[in-house]
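Both complexes shown next keep chain A, but they swap its partner, so chain B is in the first and chain C is in the second.
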Partner chain A sequence: MPRPFRIALLLAPSALLMGVFAVGLVRLIASSMVIDGQIDLSLYSDILHRADYVAMLGRTLRIAALTTLVSVLIGFPTAYFVARYRGNRNFLLLLIIFPWLVSIVVRSYGWVVILGPRGLVNGIVTATGLADRPLKLMYNDFGVILGLVHVLLPFMIIAILSVLLQIPRSLEEASMSLGGRPAYSFRTVVLPLALPGVLTGITLVYLMSTGAIVTPLLLGGLGNTMIGTEIFQEVMHFFDYPKAAALATVLLATALAVVLPLQILERHLTRRLSDGGDL
Partner chain B sequence: MPDAGHDQAILQIDDVIKAFDGTHAVDRVNLEVKQGEFVTLLGPSGCGKSTLLRMIAGFETPTSGRILMRGRDMSRDPAYAREIGMVFQNLALFPHMNVYDNVAFGLRARKRTRDLDRRTREMIAMVGLEGFEDRRTGQISGGQRQRVALARSLVTAPDLLLLDEPLSALDLKLRRQLQGELKRIQRETGITFIFVTHDQEEALSMSDRIAVMNAGRVEQYGSAVEVYHRPRTEFVARFVGETNFLRGSVSVVSGDRAALDLDGTDTRIAIPAGAEARHCGTRLAVSIRPEHVRLGAVDELMVPATIRSHSFSGSTITYELDSRAGPLLAQVPFQPGKGHPLAPGMAVSAGWQDDAITLIPA
Partner chain C sequence: MTRAIAILVLMFLPLPIVIVVLSSFTSAGYLSFPIKGLSLRWYAEFLGSANWLSVMGTSALLALIGALVSTAASLAAAWAVVRHRIRFGTAWETLLLTPLIFPHAAIGVIMIVTLAGLGWLGTFAGLVLVHCILTVPYAYRPVAAALRKADPALEEAAASLGARPWRTFWLVSLPAVRPGLVTSLLFSFIISFDEVTVTLFLVGPFVMTLPVQVFSEVLESASPVIAAVSATLVLFTSAMVFILDRVIGIQFFVERD
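Right, the complex of A and B next:
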């Protein structure tokens, strides 16, 4: 087979995929801006002038940021533990990705059972007299963040783990033999080398939580929806595609504003490290 | 009067055992290292030498026994609290730092920032890397990386420097060169070195003392000359250099002479009588280095033999012999102009002098 033909054949599937994706994206953005053949940004000004939409956008970004933060705080120590575990690491990995075997709807309903007004936690709390009224553990930001962290944490752990596994134990030992206490060794050796993985994890978790639909729907209250849920409802309940498209474009723009700098930083760090040679 | 300051043991290892999953990786090791010595732990892979080194460094804790530094038990001190430097097998340079920051790391970690710059540059100069301060560790050669690792581990002027097969990844020529530099740096700094290797030539050429290890135990601890010429066990005789190893039973003892009947042959060889060969029937092994085996005309020497093959290595020729005592190796100096090597199939005789014989209880 001639070489150009082979290359074309290899490129075809990804070209097809990216083509479809690009066309979809362009049509999505176009459908929010072109009304009756005219460029018309009224949908955007409508969105920006509605206080409830602006609040929803702010809440989406806040919940996504908090979800990401909590995921880093839980995910880094977990990944570190797994990376340094001397026993069967694959078993730990299996435990971490186990939740993925269960549908996200079922998992979110699981939290309803645990956190609801008559749920497990409130049952215990009221029965033991720790509180006289049920605590409000869901239908608020807390419930949504908890649910999102539960769903997205494995992505963070795996992103961080993949870089930690490439840091030889001897680097930390070298630091210790030079007088570096554990905290110093962590700060000056492990953390800088793990940063690209942390940034990848942040990007993944942040993006997925800004677009979350099911978790906010089930665990969030009626008064505090997130933008993903709103888009879902515009499409499925009101059939207002242009508005849904406008909301999706706003979501895309805010996501890019956060993710692009992270990606650039990550690329920069990775390049610096690859100059550093083999770990 | 003995110089107490110089002969004092800087490191003492007392009955140290390290068990992993029930097997003893290090099994009752006793060693003592003097101030300023260059000591090598020599052994095949899996003999426990690296585990022993890691316990001295503080990365592993002994299952039992003690490790004392200047008389103080430090077996349970964390690694960062010990004044011990280490050069790792994979070097473990920090890939996100340049040469300068790698070398300065120990001073920053120990908060010795007062003369940090002077001290760091001094170390970089000592290993001959001036001008490379700003290079990243991936932008320099293997030998230079080696030097960075060495400078980094010496910058804090540790009491003891541990080296875990740091030269094993280098080609022979660079290896020889760095061996020489290591010795020079050790002399200049006066720091005690403990060097781990599986390369017996490296061990012989560099060390003041060698601890030959096998299966978690120290088989022999002594100077290079002792270990080579007076091996105390079969393992040491075979591992350190090549040797002819013959087993048998003492059959005659008469005055200061004795005779050994070799196993599996009808050959009897003469050996000096002594502590090892005092009684008839005692099982003994004889170790004779190939370079001490002499070759002569038929019936001139003790053991009849035929040449099987020969190999030329520049200054010497090594013959493989089939002899009445079993297969033997003989290494003789090559003298140009003194005719051709002995041809395979030729009948000769082999012999050796008494002081070439090392008797090992078998």
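Right, the complex of A and C next:
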């Protein structure tokens, strides 16, 4: 078989899958802005002129930003701890990877059981007399952010950990033996080297929290919509596909506006680091 | 401080899963935690329900076919990129990973449009296609990494000793990338078996998956049977993780090539 033909045959299956995806993407955008064969952006101006949609978009960005922030703040120390752990690291990895691979439906449902009016926390609170009525722990932003952090934190930890594990411990020790205080060595040696992993983690968590449906719906309810739950409603309850397509395009735009610069920065940093240059 | 945060996080991550599994053994007719009494009645209800079992069968079959197709497609692509060193190899690899940078809710609508165009909305074939697209980014990396590690000299040796290309492929190349293949298969199987955000847009009266069914039941009722089904999903995932750990080691997930 001639080489070009063989290569074409090898690439055909994956090309077909990606082609289907690409065509779908184009058709999605087209179906949101071409109405009766003409370009018509009225769906978008409707979205931007309705106060409830603007509030929903703001809420989505706020929740995604908070989820990402909390995930970095608790994910980094966890990854650092696991990377430097001298005992059975595989067990710690299992505690991160196993929950990550359990379906998000099951994990979000677990939080419903914990935070619900008859759940674990309220059981303790009412039994000990800390409160006489069950606390409202879900169907609000708190529940949604808690659930999203739980569902997405493994992505953050894995992204940071895979970079930290590549940094030789001796580098940090060299810095300290030359008189650098631990905090100084951490800031000047570990942090810059770990930055690409942190950026990957931020990208993934932000992306997945803006596009989440299951966790916000189960823990936030239908009242506190995010863009994902709004899309879900448009499709499943109102069968308004053009509106759903417009919202999905808005979601794509807001996600890519944050993700692409982060990805470019991450590549730039990785290249700088592998060239051995300064940051 | 670092230590305290890390320990709390490592306890926090498995917590809701443990709670779901424990609460599935309740004897009460409603879900509460701590549970009221021990019983297996919700497992009996789950395993006695033809509907739940057929949905579980659909999910397993979907994940199996999806994993086989996307692993095969990934192996073929990796073969072209690694062995034939095609000119746009890096670009192709990036392309295969692009579904990862799309938010799931948006992918869901993209797939509605796609499957509606093909007339495959609410069909099993449609779900297979979508799950292949979703799992290729996960399936590609392990096979490509295994292929990079395998020594092409072995294949050349087999060929120079007179083995035909297919025989070389079956007896030399394939065994060399076996750990990568098994990892890809298991990883895609898990991703597909657990997928819900995209799939919930694409199911219909004739086809339903287990996680989507769990999702709609949680929205509509509070029956503890959901906990029993969820615990079964957890059991499935544990088995896959156990095999993955045995085949390639759990550190695979935090390694960079």
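In the analysis below, the second predicted complex is superposed on the first by the 269 of 279 C-alpha atoms of A that agree within 3 Å, B and C clash if a C-alpha of one lies under 4 Å from a C-alpha of the other, contacts with A are read in each partner's own complex, and residues count from 1 in each chain.
Heads up, the rule we're going with is that a contact is a pair of C-beta atoms (placed from the backbone, for glycine too) under 8 Å apart; a residue touches a chain by one contact, two chains touch by 3 or more.
The structure displayed is predicted, hence computed values, not measured ones.
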{"item": "Side-by-side fit of chain B and chain C on chain A, or clash", "value": "fit"}
{"item": "Which of chain B and chain C A:Val214 touches, first, second, both or neither", "value": "second"}
{"item": "Partner chain(s) touched by A:Ile74 [first = chain B, second = chain C, both, neither]", "value": "second"}
{"item": "Per-residue touch tally on chain A - higher for chain B or for chain C", "value": "C"}
{"item": "Chain B versus chain C as contact partner of A:Met176, first or second or both or neither", "value": "first"}
{"item": "Chain B versus chain C as contact partner of A:Ala55, first or second or both or neither", "value": "neither"}
{"item": "Touching partner for A:Pro168 - first (chain B), second (chain C), both, neither", "value": "first"}
{"item": "Which superposed partner A:Ile264 touches (first chain B, second chain C, both, neither)", "value": "neither"}
{"item": "Contacts of A:Val189 with chain B and chain C, given as first, second, both or neither", "value": "first"}
{"item": "Partner chain(s) touched by A:Leu273 [first = chain B, second = chain C, both, neither]", "value": "first"}
{"item": "First (chain B), second (chain C), both or neither touched by A:Leu10", "value": "second"}
{"item": "Closest Cα approach, chain C to chain B, once both complexes are overlaid on chain A (Å)", "value": "17"}
{"item": "Chain C partner contacts - residues on chain A that touch it in the complex", "value": "3, 6-7, 9-14, 17-18, 20-21, 23-25, 27-28, 31, 74-75, 77-78, 80-82, 89-90, 92-114, 116, 118-120, 123, 150, 153-154, 157-158, 161-163, 165-166, 203-204, 207-208, 210-214, 217-218, 227-228, 231-232, 235-236, 241, 244-245, 247-249, 251-252, 255-256, 259, 263"}
{"item": "Residues of chain C defined as touching chain A within the complex", "value": "1-3, 5-10, 12-17, 19-20, 23, 30-34, 69-70, 72-74, 76-77, 79-80, 84, 86, 92, 95-96, 98-114, 117, 129, 132-133, 136, 140, 190, 193-197, 200-201, 211, 214-215, 218-219, 226-227, 230, 233-234, 237-238, 240-241, 245, 249-251, 253-256"}
{"item": "Residue numbers on chain B that touch chain A, as the complex places them", "value": "57-59, 78-80, 82, 84-86, 88-90, 92-97, 105-106, 108-110, 136-139, 152-153, 156"}
{"item": "In the complex, chain A residues that touch chain B", "value": "168, 170-171, 173-182, 184-185, 188-189, 192-193, 272-279"}
